[in-house]
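Heads up, the next two complexes both have chain A, just with different partners, chain B and then chain C.
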Partner chain A sequence: MPLDRKIAYIDLTTGDIQIKPIPLDVRKKFLGGRGLDAYLLYNHTEKGCDPLSPKNTLMISGGILTATCASATARTHVMAKSPLTGLLGSANMGGFFAPEMAWAGFHHLVIKGKAKHPVYIYIHNGEIEIRDARDIWGKSITDSQWALREDLGDQEVKSLVCGPAGENLVRFANVMTGIKNAGGRSGMGCVMGSKNLKAVSVRGTMDIKIARPKEALEYNKRFIDQIVSAKVNQTQGALGTPFIWGATNSWGGIRCRNFQYNQCEYADDIEPERIDEICEETMGPYHMTGCFGCQVHCRAQYKIPEGPYAGVYDEGPEYTSQGAFGGETDTPRAVTVLTGNHLVDKFGMDNLETGSLISWAMELYELGIITSKETDGLDLRFGNDDAVIEMIDRICYRKGWLGDTLADGGIPASEKIGKNSFDYLIQVKGMSNLHSDERATPGLALNIATGSRGSDHLRSRPAIDLYHLPEEVLRKIYGNPVPYDGPLSSEHTEYIGKPWQVFWQENCYMGVDCLGICKYHTTFLGATLPNFEDWSKVILYNTGLEMTPEEIWDVAVRCNMIERLFNLREGLTREDLKKGDMLNHRYFDEPCRRGAIDVVGKKIDKEKFIKMVDEFYEHKGLDKNGVPTPERLKKLGLDKEPSHLM
Partner chain B sequence: MAIEKEGLSTAESLRKTRTYGKFRCHNPTCMERIQPEKGKKTAKCPTCGMEYRVHWVNPNLPRIRGPVWDVNRKLAEAKLKEMGVK
Partner chain C sequence: MESMGKVLVINYEKCTGCRLCELVCSVMHDGISNPARSRIKVMKWESEGLYIPMSCQQCQDAPCMNVCPVKAISRDEELGRVVVDYDVCIGCRSCVAVCPFGAMSFNTIDKKVFKCDLCDGDPQCVRFCEVNAIEYIDADDISILKKREAAERISIAGKEAAVLQAAA
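Up next, the complex of A and B:
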């Protein structure tokens, strides 16, 4: 049964390994994946601990449905205290790692301490050992994975690794599996590097018994039909996630030149259709591939068509790389995007943070806040493709003053640079924004301001609000599984109704992260895709666990609350520009200058924004300061945390 | 099988609301449904005047590739001027 998968506690300092079952009552409260990781983080990490110290605890997990008959249960989740933000660190990636870990007998790993020298953890059919990784340290993401397969003599081994960026303690280093599956936000690769943990390798052949196999398969058939018939997934299967950047750039919802423009004009060369042409030219017509158990196949394969890296193979680019190395830096050329994407994949570094910090530095350079002295002579003006590529390398290897400074993340860098550099840093809670610009979309602005791991599109973004759905459709979505008869709005420049829409999405995203399913299989980009009601059946048929849609909703609310408790414990306060639920002043002061006619001139109304935050807090059961009320904590069963049940 | 007797979930019931062969204007306060002529590479919103380049994912699934840049720029600059934004 999926519920018999275990949890392992691994101490890298002492070498002690303990394997335990996951109690059913804990499952019912937190399900698995990100939700249970949040509980473990709150219980196993000391208040105020240095994220790079042995005391920080690293969680690696699959969801409760991982490797079952459910669709797209490919996601691996990683959590620790973030070295980038000092708050919650959390990252989620596709690929094949978590299913292999489940077949090896485990759903959750809790890793503490620090090894004396580089090591990796090998997990195979219920057994765990810590092995020497000194020969692998220093290798790139893909080279590391091949070396681990060779070391273990098994080509089917799946490895989760940190790259050179993690080893060099770049505070936004990724953990990665495969060539491009990246747990790419909040610096989880940096935590691995700080522990001398190069990799976790898994190989398993332990069957997972499905509770009701026939019903599970039949329901999955319905689920898949719903997924593949959606227009959004047909588009993703043809063009990959770059279509998201393309659509957003079309109306003026992306950042260009850091935050000066909200549209990258004449960007035809990095539009998804052009990227797709390059993929086809270099890899042939069947260049789309997918993660474990997924039918969407949103991942493109390509070879860099020209330049110093011509002929090098990689996967993607995701929409985030288009934004990071094309739009934000105003270098809308495919070869730059594809090369930049390759380098961050090779180094194991967050493309979003990297591109954002480079574009921020470019604006500072053009304003004279930093000069060629700080750039070691590099011409860091917007539009300089070579400078973008050069800076990626400098950040990973901490080369030069600026590379080393940016590698520590935006807020420490702004403190080192001084002057008014912080005013230009587009971040929330110390994490750079996605390449998107939310000045015309208050609901999305609320989402990034209140995201638990910092500015974030994958924690509560009401993206379907951009589709102008009829109110009856919105009511069906946002009125389930708990009743809601307050205001809703499909007008994306509107403020009314958005707090509930963001709150609902926050719980939907948490739900899917607890199950271990990809967000493209839920109400993230597709209004007609499965959520709580469907999950209730999928959980029952696959695991035998009976949970109503309302109970799954409650789990999600509880898990989001424990993430909030962690952040509050580590210093979150409501309006703190560095650690709070607040946006950079430019959202309120500078109007959009490009995009569709009715986007031009838009900025966020601060008074209305504050009211939205108030209302969002009310839905969550928080007081005006963003602190949970005792009543809500009791209702969620969190009034005695940390409870140390595990 | 019990499952065959079950009705549609909310998500499944919304499937009938999907539309094919059309897209919505990207101008947020317009959002007019535009039905481009099959295979055609551009389309103009009859309501707000935005012009788009069109890509066909498959013969029944058009998407907006992006705005017609020159028209987009002209409209944006006119709006900025009207608002007095420099």
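Up next, the complex of A and C:
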């Protein structure tokens, strides 16, 4: 049964390992994956703990449906207090790790303490051991994984590793598995590094009994048919996420030169079709690959076509790398994007954060806020491809003054650089924004301002807001599984109804993250894709657990609330530019200079923005300060946290 | 019989490596998710992006059938498959040892050998593989398809040569 997968508490300081069942009543409240991790984080970390101290607790999990006969249950979730933001740290990745961990008997790991020397955790069919990783320390993301397989003598082992960036305590280091499946954002690899934990390796051949196998199989088929019939997924399956670049850049939703422009010009070389051409030339006609059990297969395979890394194999690049190493830095050349993408994969470093900080430093350099003294002679002007590639290496290995400074993250770097450098930093809660520009899309602006892990497009983005769907279609989507009869608008430049859309999406994404399913299988980029109603059936057929769509919604609301409680406990205040639900002044002061006719000139109206946040808080059950009302906490059963049920 | 003479054909170049085939195979046969129970298995070389699904070839002169000391393995001509009679099988695993494709496996939980049975004519791996890396087609058609592909390559090569010649 999926529900008999266990939780292990591992103390790296003492070597103590405790294996326990996950109580059913806790399951019903938090399901699994990110939701249950959030509960564990709140209950297992002390207020104000240093994220890099042994006291920080690292959670690794699969969802309640991981490795069952549901569609694309490939996601692994990692959570801890973030060394980048000092608030909630959370990362989610595809690949094959979480399913293997489920076949090895586990859904959740809670890792505390710090090992005396580099170690890795090996989990095999219900058993856990801590092993020496001194020989593996220092190796790249992929070399580490192959070395672990050699060490264990098993080519089927799946590993979750931190790379050199994590070892060097780069505050936005990733946890990774496979070639490029990255648990990015908020520095979970840095937490691993701080614990001397190089990797977690798993291998499992334990049965997961499906509650109603025939129905689960048939429903999975129906689910897949629905998912692959969506045009957005067909495009994604052919071109990967780069397909988003073409449309978004053309209307003016891409940050260019940090935040100076909202469109990247002369970018033909990184258009999705061009990237696809390179993939085909270097890997052949069938160059798409997929995560466990997924028929979307959105990940491209490529070899770097030229330059010092010519011929090196990697996967991607994702839309995020096009923006990070092409758009923001104004270096729209394929070889730069593909090489940059490869380097962050190899080092285990967040591509979004890296590109965003480099482009910020470029703007500071051009403004004279930093000079060639701080860059150790590097000509850090926009458009300098070599400088981008060089900076990636310097950040990972903390080389030079600027590399070392940026490795600590945007806010600490701005404090070190001083002057008015902070004014140019495009971040929320200390986490840099994706390369997207939200000045013309208030709904998306609200999403990044209120995201629980900082500026982020994967926590609550109403991406379908860009499709101008008729109001009755919006009502059908956003009026389920709980009724909503407030205003909604098909216009993406409007402020009306967006708070509810953001609230709904926040719960939808929490839902998939609790199940362990990929967001491309729900209402993210595709308006017709499954959500709460389908999940109710999928959970029943696979686990036997009966939950109505409304009950799943309640779980999502509850889990989002516990993330909020954690952030409030660690210092979130509403209008704090460094720790709050607030945007950089540039969103309100600098109008868009490029893009579609209804985008040029747009900026966020601060008054309307504040009203949106008010309304969003109301939906969430928060007061004007963003603090939950006692009534809402009671309703969600969170009035006695920390409750230490586990 | 409609399925008579049909065979599984794997085109590994199309495989995305998602392993859904392994999942649905084990759920279909045992009601359990566990790739260790799957009759089909995707072998991977991740560092090259190479994925090759391996399954039973349903050999005519099957080594597993020949080696079986108790004659528990036979050919089912109706579905064109090699089948194990579990009433006769003694679980000696000689078939596992002798299969040149590694397609005969041993399940350590149920203590039984197991192999692809083509899901009695409706192979689930084929049904779920959206990229058609695994197909279930008439044995006669395979060589025709391959002839067509080869002919296409020759034609393209011819045209490219003509262009080169013209340019020279």
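Keep this in mind: the second predicted complex is superposed on the first by the 646 of 646 C-alpha atoms of A that agree within 3 Å, B and C clash if a C-alpha of one lies under 4 Å from a C-alpha of the other, contacts with A are read in each partner's own complex, and residues count from 1 in each chain.
Rule of thumb we're sticking to: a contact is a pair of C-beta atoms (placed from the backbone, for glycine too) under 8 Å apart; a residue touches a chain by one contact, two chains touch by 3 or more.
These numbers come from a predicted model, not from an experiment.
*Asks:* Using the superposition described at the top, determine whether chain B or chain C touches more residues of chain A.
*Replies:* Residues of chain A touched, chain B against chain C: more for B.
*Asks:* Scan A:Lys608 for contacts with chain B and chain C and give back first, second, both or neither.
*Replies:* In the superposed model, A:Lys608 contacts neither chain B nor chain C.
*Asks:* So in the superposed three-chain picture, is A:Ile179 touching just chain B, just chain C, both, or none of them (first/second/both/neither)?
*Replies:* second
*Asks:* Going by the contact rule set out at the top, does A:Thr235 touch chain B (first), chain C (second), both, or neither?
*Replies:* After superposing on A, A:Thr235 lies in contact with chain B but is clear of chain C.
*Asks:* After the superposition on A, what does A:Lys419 contact: first (chain B), second (chain C), both or neither?
*Replies:* Neither: A:Lys419 stays clear of chain B and chain C.
*Asks:* Applying the touch criterion given at the start, work out whether A:Ala67 contacts chain B, chain C, both or neither, answering first, second, both or neither.
*Replies:* A:Ala67 sits against chain C, while chain B stays out of touch.
*Asks:* Does the superposition put A:Lys47 against chain B (first), chain C (second), both, or neither?
*Replies:* A:Lys47 sits against neither chain B nor chain C.
*Asks:* After the superposition on A, what does A:Tyr286 contact: first (chain B), second (chain C), both or neither?
*Replies:* second
*Asks:* Is A:Lys624 contacted by the first partner chain B, the second partner chain C, both or neither?
*Replies:* neither
*Asks:* Which chain A residues are contacted by chain C in one complex and by chain B in the other?
*Replies:* Touching chain B and chain C on chain A: no residues.
*Asks:* What residues of chain C sit close enough to touch chain A in their complex?
*Replies:* For chain C paired with chain A, touching residues are 13-20, 23-24, 27-28, 30-37, 46-49, 51, 108-109, 124, 127-128, 130-131.
*Asks:* For a test of understanding, state which residues of chain A touch chain B in their complex under the given definition.
*Replies:* Touch list, chain A to chain B: 214-215, 218-219, 222, 226, 229-231, 234-235, 238-239, 243, 246-247, 249-251, 263, 265-268, 271, 273, 440, 467-468, 470, 473, 476-477, 480, 491-493, 523, 527-531, 533-534, 537, 541, 591, 593-601.
*Asks:* Touching residues of chain B toward chain A in the complex: what are they?
*Replies:* Contact set of chain B toward chain A: 1-4, 6, 9-15, 17-18, 20, 24, 26-31, 48-50, 52, 55, 57-58, 61, 63-67, 69, 72-73, 75-76, 79-80, 83, 85.
*Asks:* For chain A, which residues are in contact with chain C within the complex?
*Replies:* Chain A residues touching chain C: 67-69, 96, 103, 142, 146, 178-179, 205-210, 213, 216-217, 220-221, 224, 228, 283-295, 297, 301, 313, 315.
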